[in-house]
Amino acid sequence: MTVQLMYLVAALCFILALKGLSSPKYARYGNFIGAFGMLVAVVTAYLHGAVHNGLWILVAVALGVVVGIPAARSVKMTAIPQMVALFNGVGGAAAALVALAEFFAVRDPGFLYLLATVLTVLIGSVSFSGSVVTFLKLQELMTTRPVLLPAGQQLAIAAGVSSVALCALTIATPNGFLLWLLAAVGLALGVLFVLPVGGADVPIAISLLNAFTGLAVAASGYVLANTLLIVAGTLVGASGTILTRLMAQAMGRSLANILFGAFKATTVVAHGEEQRTVKSGTVEDVAILLGYANNVVVVPGYGLAVAQAQHAVRELVAQLERRGVTVSYGIHPVAGRMPGHMNVLLAEADVPYEQLKELDDVNPGITSVDVAVVVGANDVVNPGARDEPSSPIYGMPIFDVDRAKSVVFMKRSMRPGFAGVDNELLYNPKTTLLFGDAKDSLTKLLAAVKQL
Amino acid sequence: MTVQLMYLVAALCFILALKGLSSPKYARYGNFIGAFGMLVAVVTAYLHGAVHNGLWILVAVALGVVVGIPAARSVKMTAIPQMVALFNGVGGAAAALVALAEFFAVRDPGFLYLLATVLTVLIGSVSFSGSVVTFLKLQELMTTRPVLLPAGQQLAIAAGVSSVALCALTIATPNGFLLWLLAAVGLALGVLFVLPVGGADVPIAISLLNAFTGLAVAASGYVLANTLLIVAGTLVGASGTILTRLMAQAMGRSLANILFGAFKATTVVAHGEEQRTVKSGTVEDVAILLGYANNVVVVPGYGLAVAQAQHAVRELVAQLERRGVTVSYGIHPVAGRMPGHMNVLLAEADVPYEQLKELDDVNPGITSVDVAVVVGANDVVNPGARDEPSSPIYGMPIFDVDRAKSVVFMKRSMRPGFAGVDNELLYNPKTTLLFGDAKDSLTKLLAAVKQL
Amino acid sequence: MIDLLTIFVLAVFVGFEVVSKVSTILHTPLMSGANAIHGVILVGAILITGSAESTLELVLGLLAVFLATVNVVGGFVVTDRMLEMFRK
Amino acid sequence: MIDLLTIFVLAVFVGFEVVSKVSTILHTPLMSGANAIHGVILVGAILITGSAESTLELVLGLLAVFLATVNVVGGFVVTDRMLEMFRK
Amino acid sequence: MGTPAESRPAERRVACVPETVSPMVDAGLTVHVQEGAGRHAHALDAAYRAAGATVTAEDPTAESDVVVSVQPLTIDQARLLKPGAVTISFLQPANERELLDVYKDRRVTSFSFDLLPRVTRAQSADALSSQALVAGYRAVLVAAERLPRFLPMFTTAAGTVPPAKVLVLGAGVAGLQAIATARRLGAVVEAYDVRKAAGEEVRSLGAKFLELDLETQSGVYASVQSEEFLERQRELIGEHVAQSDVVITTAAIPGRKAPVLVTTDMLKAMAPGSVLVDLAAESGGNYAGSVAGQETWVGEVLVHGALNLPSSMPVHASRLYSRNVLNLLKLMIADGEVRPNLDDEVLDGCCLTHDGQIRKELP
Amino acid sequence: MGTPAESRPAERRVACVPETVSPMVDAGLTVHVQEGAGRHAHALDAAYRAAGATVTAEDPTAESDVVVSVQPLTIDQARLLKPGAVTISFLQPANERELLDVYKDRRVTSFSFDLLPRVTRAQSADALSSQALVAGYRAVLVAAERLPRFLPMFTTAAGTVPPAKVLVLGAGVAGLQAIATARRLGAVVEAYDVRKAAGEEVRSLGAKFLELDLETQSGVYASVQSEEFLERQRELIGEHVAQSDVVITTAAIPGRKAPVLVTTDMLKAMAPGSVLVDLAAESGGNYAGSVAGQETWVGEVLVHGALNLPSSMPVHASRLYSRNVLNLLKLMIADGEVRPNLDDEVLDGCCLTHDGQIRKELP
């Protein structure tokens, strides 16, 4: 009874953890609560369940800690996604192993029990091998482009069918060997599943595999008749599924497309011309970027005027200031299409004159600017004017926003500005593009910042 | 098994129903889904559980339908709250009766079972009698003011203590008579609980009793070992509790205050001077009012200028127009503090001239205006200027917004305008007051309308 | 038993989450809808009546069935009426 | 059995509701946090190892314990690192 | 009702425009307008005729029961008035003693907009307000045209031009409108007034209110200030004047000489090319040296003594004025006849002569 | 470097203001300014001295290697120039044949802002733009002062005044600025231009662009239009002119006579008191009857033929111009000496005479 209660407490912690992790304000607390819940669960399980082999278990846990913590600590920020993939994979493997071990321990298993067992083994191994492949991809230990095996599709179908058959068979005639075979087929299936996914879709695949692992854990909960595993696994499975869908939406891909696309081996093309990639973000991304910045410079241009977004930009700036962000406007001498175009607009929107900064006010301190928001400007922030003597706009002074910590670029398309010159800044890895009419984007951004 | 599955389906429907009911867009579907789930549950229960007395049950159900539907159909919109109270009460009674009946049916009950039984009986009867009293209050069959019995507080404490004692006693020595006694004490407790609640707090009390009934149902679920009852009852209990808190917040009262206030018999004073009541709404109320209107007129005044809310009002109007609401501005000749004050402001915010309407454009069609939004104006909408020859402003033409279907009045306080004359419109039952700086209110309103 | 407790806890969460962001104007309809839902006690009433053996049980049960039915049908109908304004 | 199913359904709802409005920038931390949570399989691994009778079971169990531990500690630590930007 | 052509020099407005003829006719009046009365206000005789008025070659004063004009009638015209006739105009009682005596002798009932009580009911007849609106707007245009600088800020390839600083002294109707117009043109505006309520009003137009360390007046109208007070005020205003590119002064006290707020020293401290527009020039000037209708250079600063600015925008000024006249007339008309009831607080307030008596104390 | 006082009539700007003296000195020049050169622009001799210039009693033209001015030098001045000297000014090559011949003979290297190529690099030296900015702003002030009506809308107790309608023809730099200024003052603004891109530019200022049913030109500059085209254009513009209270015309084709867009008939159809400001008056006028520097009445409509509007706002116009001069000079200075490199596309484009040759075909 006490044990069960402790498990319930842990389950509660997990729910709260997920809840916290969904809000920027409470995300860190969420993570702590989750860790706390885990501690409760593990200690309870150890005290109550480690009847035998207590020492061995301690050793294994210690080993895990020794491996896991330094790995997580030392990984570079940019390499975190593959790390997550790896952790996910080992989780899946653990679930499969638990089900296998339990299978050998139990006598006379029932139907539902067997069903749960095979599911755990299958999903766990898919998750494991899939995760390992995504890890290899992201770590660039193999190509990041979609890998299309000669008969990949057929192979995948074959693996799928045989895994289902093996499941049925194992349930009908419970047998250790069949289960091992199922695990092997699962491993193959995982590899075949992830190989054709390429480039930008890999994180979505990781999220899906994460949800899979959650389901495997839930299924293993049935196997062990342990409510905590069921609840926690289901939570992860459900939230992971939603999350996968959200991620796919955020990248403008349909989930079905990715899932079946993977098997149909649709090539995933990188955006941009000449195969150059740009990073396009969502309103929420940008909102968080801005909301948690200290120092923001807004550089308006002709697009602000076209969109008649002067009021919208002022509202956004006011909202950011309410959050304690320091914001100023960088007014370029030739922004817009007539001298003083920006002045006219911003005066109309009642932007205080003191917030208007010129080139010489902004550029010297630009490296300490957290986010430079380029609203419908283009030529006036084109680093080519500074760096490329061959450029037709060479020699025009610009706002050096490429030296800011990050750049948000609002425009409708990849078209160049007045001078017709391509802008290197668009392809800068620091730059997040927010496509769409400036007024629209700003209005949405305002709403999103308010939600933070 | 099928039965259980059907119950699960019903539980699912209830969850979806509550989810739907929390969003204006899906509220009606939510209600339908709830009703559908109920149908599933009841039919299942009947087919599976009505081993005996099937006909009797049908008769009772038919009677219930015959009484319930006409009552719900014919009640006037203004009398709906008391109807809800009544329905809630009979629900509580039913729960108590079920627990009683079950008590007489079962042999050799365990501790938890008994606990659940006494809780059901107690809470059910509190909910029943409490609801009846709120019904009487709202229907004005008794005074709506807090009723303070001579020793009300002592009585309530006595009833509370004796009910706890009776519970303990019943669990210790299961006995039908004690249970009946408990029910009686519960009834008394319910009456004592609600009597001191007055005026504006009655709906909050209803909501709390509603949550109580939910808990009673959940407890009866334990008694009957029926998961559906547990889930549905808990859902209602939990959401009802949250809802009660939200309602209290919306009225600016703390829940604790109301709960203990009820026993401490704090008088609830109506707002306003000379005991006249005004209706002050929340931003969300007003947002829904506006968002679902067809025809809105905004009447700005000096307060708009003081708050410098010209941009904010334009944004709100733009958002409403995006929702398909027709909006115009009523510009009074002497609004503000200089001729053309409103023109200057609204031109600055780039409000198109065509949207500015004069007295003669607005007044003739005012009765078909769904909402008139008075933003920091006062004298120019004071019906006294039209109706009261003794008023110092008698004879000034006004916007007849009191003839619109409803009025939203944004101002910071109950202070009068330039002329220093009290404004009857503030006390008009059609009027919802939104207190606070106009710019603030408008900005919040904008956010709220976007959420619809 | 612990399973029922788990169910209870989870249901509490669902109940909290699901209504946590409701706007004021929906307070009353939501309350009324929830009110109709707890009319599910009708299921309990039917079950108890269906297995009633003494007259007392029968009478209590039938009364409960009647009251619960009123709760259910009245609740849903009244909620629907309140929601008419959202028909748009 | 049906209780476990109910638990499952309710947990699905809680899972859905709880993350339904998360902003893009939190996608990765949330995924990573959820990932750490499914490391709760460690509990299963401990239980199974704790009652292991054959060597096979023991080996499998210990391997599972090790892997699950990596999942748990790595997951929480890495999530925390990602969330550093929200410290403000 | 008769509308003679304005005969005072440089008056370009007209007391009745074609648009208001038809409501007057509806009210039961026959309207006579002198030929060419609306000439400066671009109101053609043909338009008057089309609206239902009779255009007379001669001055219609002698034949009319009601004579409306902007400026007071001349003594000669006044002598033509029918006994018991009604006149409506600005009368500037302090300057027009002789005229009043004529009115008194001829038992004329004369109304002056200068004296109209500023109660809510009378707002629609408040010609002081409507003409102050015009004056405030024009004052900024006059200043902007004379200023050798931009009012708005411009960031251009040829350098950045800072916004001009405009200081408005006196925030009555004209002052507020000047603030609004200067802000529209992009200037940075500061304003000052002795009245307490003015602070909020100024800020409500987005301008800065100067909080001087002076006891200031509450109430709607400014009253006469002591010379010490003004001395102290000038001290405090001084530095703000020096930092401004444009100063517009509108401070007035009803019926009195305007307070002196700006001194020659202050002007000398302003940037070369700056402009002062003194709307109070006609009542003595907020700068002692300003002369109504003249521009003078004080060092490198141009001082524009405003003379009848509303008249420089005759079309709309006349239209507003003419509406004010109509609305005042409506208060007097009963059963199609002009029969002013002097029990009415509004008419009582602005009636100067009636039945052979001068009804107000003159300053 | 020398800056003579402007000697052409009614020129109030100056080619070098005190603010730009010190950067010029920094660039290695010695700056001579004629006494009183900055008088109209409120730039005092003392200020020049303080900034590091030498103020000379005589015209410094004869002693200078570089002579900067706003208007072209007079023939007499040109005769004084050192051989090989550099001059910078507007030159209006079409009207100044004789001067060019003098320059040619004296082997003067002359640069004209009229011809500056409008490439990105040259923007900071683009005096046509900077002066057009001033002209566009002033045009609206001129119109607003002359209009007997309000530009903004007012709802007052004395009735509602509708906003004035302003029509801007030609949406180049000056036209766009006129649009912006008129909008600031609250007018309802429409505009038209033959260039395709102008539509978006006009709308980006919140004004309405007239979509006429004409094939219109793409590209940055307008080219010469056929007479049929103009005929058709006038037809379509006609009714918009009639409905406007103010028309501001700025249409120009570089180096040519301005296209005629407005006819007398159109003006006659406007409301009495309306105003036309023709910024193209100096190059023939967008209305054939407008004369630069004169105001004429066409029926009840006032036609203002603008003459050198930037000069009416000398302080800021000079400041911008002087910055343009500085920025152009910077392109010529190498090692502290003025040595224009005519391979530079910008200098090449605006160099009219060099080394005894006239380098451009004159129209």
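For reference, chains read A, B, C, D, E and F in written order, and residue numbers begin at 1 within each chain.
Heads up, the rule we're going with is that a residue touches a chain if its C-beta (ideal position, glycine included) is under 8 Å from a C-beta of that chain, and two chains touch if they have at least 3 such contacts.
Model, not experiment: these values are computed from the prediction.
Asks: When you check each chain against chain C and chain F, which touch both of them?
Replies: A, B
Asks: Say we pretend chain A isn't there, which chains still hang together?
Replies: one piece
Asks: Do chain C and chain D, two copies of one chain sequence, contact each other through the same residue numbers, with over half in common, or through different ones?
Replies: same
Asks: Based on the averaged CA atom positions, which chain is farthest from chain C?
Replies: F
Asks: Higher C-beta contact count, A-D or B-D?
Replies: A-D
Asks: Roughly how far is chain B from chain F, going centre to centre by Cα mean, in whole Å?
Replies: Taking the mean C-alpha position of each chain, the two centres sit 68 Å apart.
Asks: Would you kindly tell me how far, in whole Å, the mean C-alpha position of chain E lies from that of chain C?
Replies: 73
Asks: Using the average of all C-alpha atoms in each chain as its centre, how far is it in Å between chain C and chain D?
Replies: 35
Asks: Mark out which residues of chain A touch at least two other chains, giving numbers and ranges.
Replies: 15, 227, 231, 308, 333-334, 339-340, 344, 347-348, 350
Asks: Residues touching two or more other chains, restricted to chain E: which are they?
Replies: 123-124, 129-130, 133, 152, 154, 156-159, 184, 186, 206, in rising order.
Asks: Scan chain D for residues touching two or more other chains and write them down.
Replies: 3-4, 6-7, 10-11, 13-14, 18
Asks: Got a list of which chains touch which?
Replies: All chain pairs meeting the touch criterion are A-B, A-C, A-D, A-E, A-F, B-C, B-D, B-E, B-F, C-D, E-F.
Asks: Which of the residues in chain D come into contact with chain B in the complex?
Replies: 2-3, 5-6, 9-10, 13
Asks: Okay, in this complex, where on chain B does chain A touch?
Replies: On the chain B side, the touching residues are 308, 311, 314-315, 348-350, 447, 450.
Asks: Please give the residue numbers of chain B that touch chain E in the complex, ascending.
Replies: My answer: residues 302, 305-306, 308, 333-334, 336-341, 344-345, 347-348, 379, 385, 392-396, 419.
Asks: Where on chain F is chain B touching in the complex?
Replies: The contact residues of chain F facing chain B are 152-160, 162-163, 186, 188, 206.
Asks: Can you name the residues of chain D that touch chain A in the complex?
Replies: Spelled out, the residues of chain D in touch with chain A are 1, 4, 7-8, 11-16, 18-54, 56-58, 60-83, 85-88.
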